[in-house]
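Pasting a structure below so you can have a look.
Letters A, B, C, D and E mark the chains as written, and numbering starts fresh at 1 in each.
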């Protein structure tokens, strides 16, 4: 029987348009959460500024060294004629600031600070990015394993994370860099490559538990969601569940924590350089320049630029990461 | 004037996506000792209304208009501080989810004591005694021991009882219960409903019960207000609403419910579609996209906002259909469809 | 109901969740979530499973679909014993047995499109379709009342009712024989509830499905089930066909449940006689001995605390586990004095 | 001078009642005494940016530790407390006179003064001096101290020091016939014995009070000051007057302050700031101010006037090992010599003031026998690209070559040097890769380890050397004698393997005539330079600051920093 | 609760043993893997004129010829039962926990650590108080005035705070406030509290503030987020419905609810800080454990490294335990078991 209320079968009851309000009806292609986050991010001016700075920094890191050389700068070239030999300070005001040396020059050897900052971006960002990648990969794999498999595997991985977190990180980083880099010849890797690889490894390797914990927690809560059961009840293998069901949901936290881990890794690299176990000279890094500058604190211009470079970079990543987190946050929806 | 008079209440929230008209011109009144039931689907503005009466939107981003008269006092225009003084003492509220509505870090007793001492200048000891009394009154066994328990140590039903004890601790004259039993099992729900009925009788307070379960309203209410998209669509006595409903939405609600007291029907009679978003309320009658009788409104359905007009039998309905037609539809088509099979 | 081979038969099914403590994860007890239940489901019928929160309904559903490993008992599906079958051997069988979940929000992966969600069964089971998965999925979407054009949309763009339809579409993809629906409508608004209930019924007729519907809402269960089982603390206390169970419930608990359901009829307030249970459901960690209901039963006697009542067929197709059943047909009661209320 | 000088001077006048000392650059340098005084009293404050290797006389090898140690221990002989060259003279201290040689210079005899006492009042005997020397033999317990007496005295074959071989008869090396006489027997005749005897191991140690490794926490004083309580490593400590010290036996120590306080592990830049502000009097290490302070001090006349700029018996240089290709070819080495920009080197090392003067050969001007040898002269010391290229051509590497340069990672100046050479050698196509190594094992495992040098192509190694005492032997022996090079590593000599030089060294050691000896030193210098195995950098100088209110400040040639025994403080 | 603590303590001991083993291995095995011999390692601990024989003697005195297990076992035994050490003329007993004698100074490590601990402790506690109070206060205000100028400015400063490397802020603040304006103490002027409390506070003021700036940022953000979340909780609505004053609602109900994660992080941060104030101590040349650790590592002085690592790990582990217990105290819903 048909009553007036029963609107002829069930199909007519569907009216998704009522929910998807404000969207062009033709746009049947739905918007994923990622796209929505991106739209929100675009509205967040602060985060976008951070993002723009990051893009700029990355471009600078990649093309900067070529550009400055084309412009006639050489980050390694000495300009000792511009140094007062007895005080070792640059001649002239503001650290020898001039057209040729817009940020002035370093004391003692008179290297151009501007071009060293540009050149330093490359190494600093490379280390920060790759070490972040490393910790994210390790952290995600182990965190997901612990969270999904549970049981003694979880116990083992969680305790390992605890142990990692109990190590005085910086101390160990120094020890390892010191010990391993002494034996370059045996490892048959050339100077800075080994150093950089080592720094990436150490920073990345010691940071994974942080991201691991987060991923584990997220996995634990995702595992309880019914779509995982749904997938299991369809006969999905654990691999399928982990990679097809869980991983897409972890992309957001992974992305957010990566953008927040990068600045902390930049600072970490700077700290290691400051403590004397950074990249070998004369290759410039910001942390290395800063640690040099500490010895010449009476010439603040020297500390100013690398300090500012670190500050701006870290701030940009933090702002962007923060914005990203807000954009992905379901509560803010 | 009635004990509680709400006139043309409007509560709007400006948001990034637009203005949310959560409550849009709501009026009703309530006497001491009487119960008003408010029903409606999720998001129809029920909770916003109850919070509005308690003045809990003040200081937030809400835009409130209209009047609320409680015992001769106007509350919308009153100072926040004044309304705060009335809260808890003159009017109190019971929330839907007693677990999240109680602070997890304080004992049940402490929370009742706190509520009591805001309005009564008594020592902690006296207040504690009172709290134990209240817990006993709502039927919690061993109240002198359980008073020191934390909310999570109570079962769902006991928590709701404790919430009620807290709300009643200052003998409020108006009690608003926002979905007090939705989170509970049927057997416990029945206990709580009994308890509320008994307490209301005892305290002679005015009670507003908010729910989307028509069964619950039927159990308790004298008057019933049906809300849809922030507006009242039908308002009358319980008898009016259940025996002589005139709004298609009310019909839909009744048709959607499988009923234990009748022979099972072959099919339920649902309302098509889903509730509108309160930002983009459909033009004209908000219900028109879901209304099967749009063609009987003379084309006004999707253009003109219908008024809330009294029916012949004395209750209020917001519908463009001629009164005649509504009545005949109910008598001849809907009612039989609901009853026979 | 045909006296053929049951599609699903469950015998003495048990699930105990161990409770561990200490450094070495010593087991100190067990939550007896499901503690020896037996029932059969025949092709084409709908079995309703009702009970209060925590009585083990979902656990039963998850055991039957082998999302959980049973502690004891036997599950036979289509003549195959699947009680402890390995997941890889189960995989092909899963085509025939699907599950609908309660929460329309958490049961759909927010990062997958509708197409991916509904198409997942094909991918997981490695099934090639003639017209390609997309076409197949769109057909199914149309069948559950969704716009096939919405293939590329994400779950968050749909309302609760629509999401539940997506969930249903997913279970239908592989044309299963048995669908276990765990509270398929309890998260939905009344009007939407009715739509989904109707949809489930339509699909059953169209596709010749067999349902096990788990719910706590007795009216909904009555509406859709052919037979109903009532659970209490991990046990089935009463099972029978719909008509006899609702019209002449035998177990006091069933009686209490039924009388606790609020009736959307103001007149019923005064007319109905009620049975009010006291207290809450005991913890499944420490269930009462013998008859588990004796702590809340008004008819309980000494024997209820010592002897566990078996589930006996007192009327045709109507079994009950009680020493003092009510509404028994003229047949003499097996033990003690049968007291009729 | 600025206005501040008169203030300081005024203070001095009021308290000391002496003529106002005029602050001036180098006022305490080159034989001058700044603010001379005999006024006793006050607290003298030292600060150390690091810490002693040990306060135990048997276990320390720092120049400043020996300078400072004289305040709490006495040795058989001592450098004269006098400014300039006069301070280079060794005079008797515990001994009545300088050593009396016998047995063809193989035996030396000293007699102790009368009335010498330890801080607890017990008399100091020759046995205590002998015990001090014997315990310093135990390098397992006291690894840091100098080893001259271990190597030179005629110890019994299996002697392991008084702890492990307590009953062994050491009379073949040391004899104490009576409480005031001590006799040393050397394996071979040795000329500079009195220099050896002023070194810390001859400080007397009472056997009864010897606590081995713990003795450093409270050395029993034989000098004018003693420890107030204990002085464990890493902690600040103070010295107070030793009541049993008899000034009559000790003309060398004016002992002006009543109290001496020492802070250790003070951050270097802070230390300079506190020195400038007057919170402390002396940077005890005496190695010069920090680079950051230079610009501040040298550009402020008032501050500059408080500094002195002594020259040290120290050469900063770069070793060019002949075992690494293509530097086995002398032409390639010469190319390096010509290509190097020495002014850059000088700047890297701290410039003409704090770094030093450009060096042209090994022996520094302060060492007797020094002669300037300029074999590889280049215009303005900036290197001569043309000449370098010619030599590269001759070497068969016309386009240059690649090699590594080693330096000590912890030393910023060495790093700057390496970077500077990298720059200047690049001009002729010699590509250097920088190799920092930890200084703790620099010689044992890296730059001083011939195997490592060969395998890792360490073509250049930044190096430096200061003499233990001011003569040619003390300066040259450890860095040019090829026989000190051990295949297992550990020697300071990285590159000099010239048989003639070894012969000349032996010749000089047995030469008794000072003038002839000095001629040989210079000859050695010349040979090493001819072989181009050492690229000299700078003869070190340092910029020292006098703390506010110091009296009796001067620099002696022996210490090459302020003479700590002489210092006094003007009290406010 | 007690059994929980005992259980956790046992687990902590196990963890410390593992940490010590890994540390030992890094310093013992890694150098050997890349080719060091007992002698080359020993060269660090002998003077510059040592003969090969001396090096051998020292290497065997320090036990470098023993296999890993023996050396590690000796270390463990020292920690548990103490150990005997030769000072030359006599043998000294080093009471447990004996982390051994420094290879360089030949002094027991434990007293040195105890000696430096108060410095790090002073630094950590002072800075922690500052950052906790200021961070929470700013966070609460920001949350209550969400979106206001104050909120934006405070969060901006907060982000800037975490973006600055501490050695840079340390240096710059020293240059400005100590050497330039002379209002704070210069670096390295630490005075123990029992010597002169006023001087103690004065000498630590700048390090405290600089360090606190780094953390206050995080706490302000954390508090703000926590407050925003709790102020949306249902129980806040209940509190308001009772007629509570807004101030009470915010502090007694809101802040109380938001405090738990802050307390947790605070405990962990403090635990980490006690073991790792390396950069701050270096920047301000404070003679604390952080600098001690760096020194120990550059000296390759294994007993010191072991000692300081164990102490640092101990604090992290303890902080974890305390945080867990505190959590149960703060949040009655949490059951330890």
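Following the convention adopted for this analysis, contacts are C-beta pairs under 8 Å (C-beta built on N, C-alpha and C of every residue); 3 or more make two chains touch, one makes a residue touch a chain.
All values derive from a computational prediction rather than experimental measurement.
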Shortest chain-hopping distance from subunit B out to subunit D: 2
Per Cα centroids, the chain farthest from subunit C: D
Of B-E and A-D, pair with higher C-beta contact tally: A-D
Gap in Å, rounded to a whole number, between the CA centres of subunit E and subunit A: 25
Whole-Å gap between the CA centroids of subunit B and subunit C: 31
Rounded Å distance, subunit A centre to subunit B centre (Cα mean): 51
Distance from the mean Cα position of subunit E to that of subunit C, given in whole angstrom: 55
For subunit C, residues contacting two or more additional chains: 159, 161-162, 195, 198
Multi-partner residues of subunit A (each touching 2 or more other chains): 6, 12-13, 18-19, 178, 182, 297
Numbers and ranges of subunit D residues touching at least 2 other chains: 269, 410, 438, 441, 445
Residues of subunit E defined as touching subunit A within the complex: 15-16, 18-19, 22-23, 26-27, 30-31, 34-35, 159-160, 162-165, 167-168, 171-172, 174-175, 229, 275-276, 278-279, 282, 293-294, 297-298, 300, 305, 308-309, 312-313, 316-317, 320
In the complex with subunit C, residue positions of subunit A that touch it: 6, 9-14, 16, 18-20, 28-34, 36, 225-227, 229-237, 240, 245, 248-249, 251
In the complex with subunit A, residue positions of subunit C that touch it: 62, 65, 67, 87, 90-92, 94-95, 98-99, 101-103, 106-114, 120-121, 124-125, 142, 144-147, 149-154, 156-159, 161-162, 165, 167, 170, 174, 195, 198-199, 202
Subunit E-touching residues of subunit A, taken from the complex the two chains share: 159, 162-163, 165-172, 174-176, 178-180, 182-183, 186-187, 263, 267, 270-271, 274-275, 287, 290-291, 293-294, 297, 300, 303, 307, 310-311, 314-315, 318-319, 322, 331
Subunit B residues within the subunit E interface of the complex: 51, 54, 56, 59, 84-89, 92-93, 95, 97, 100-105, 111, 114-115, 118-119, 150, 152, 163, 166-167
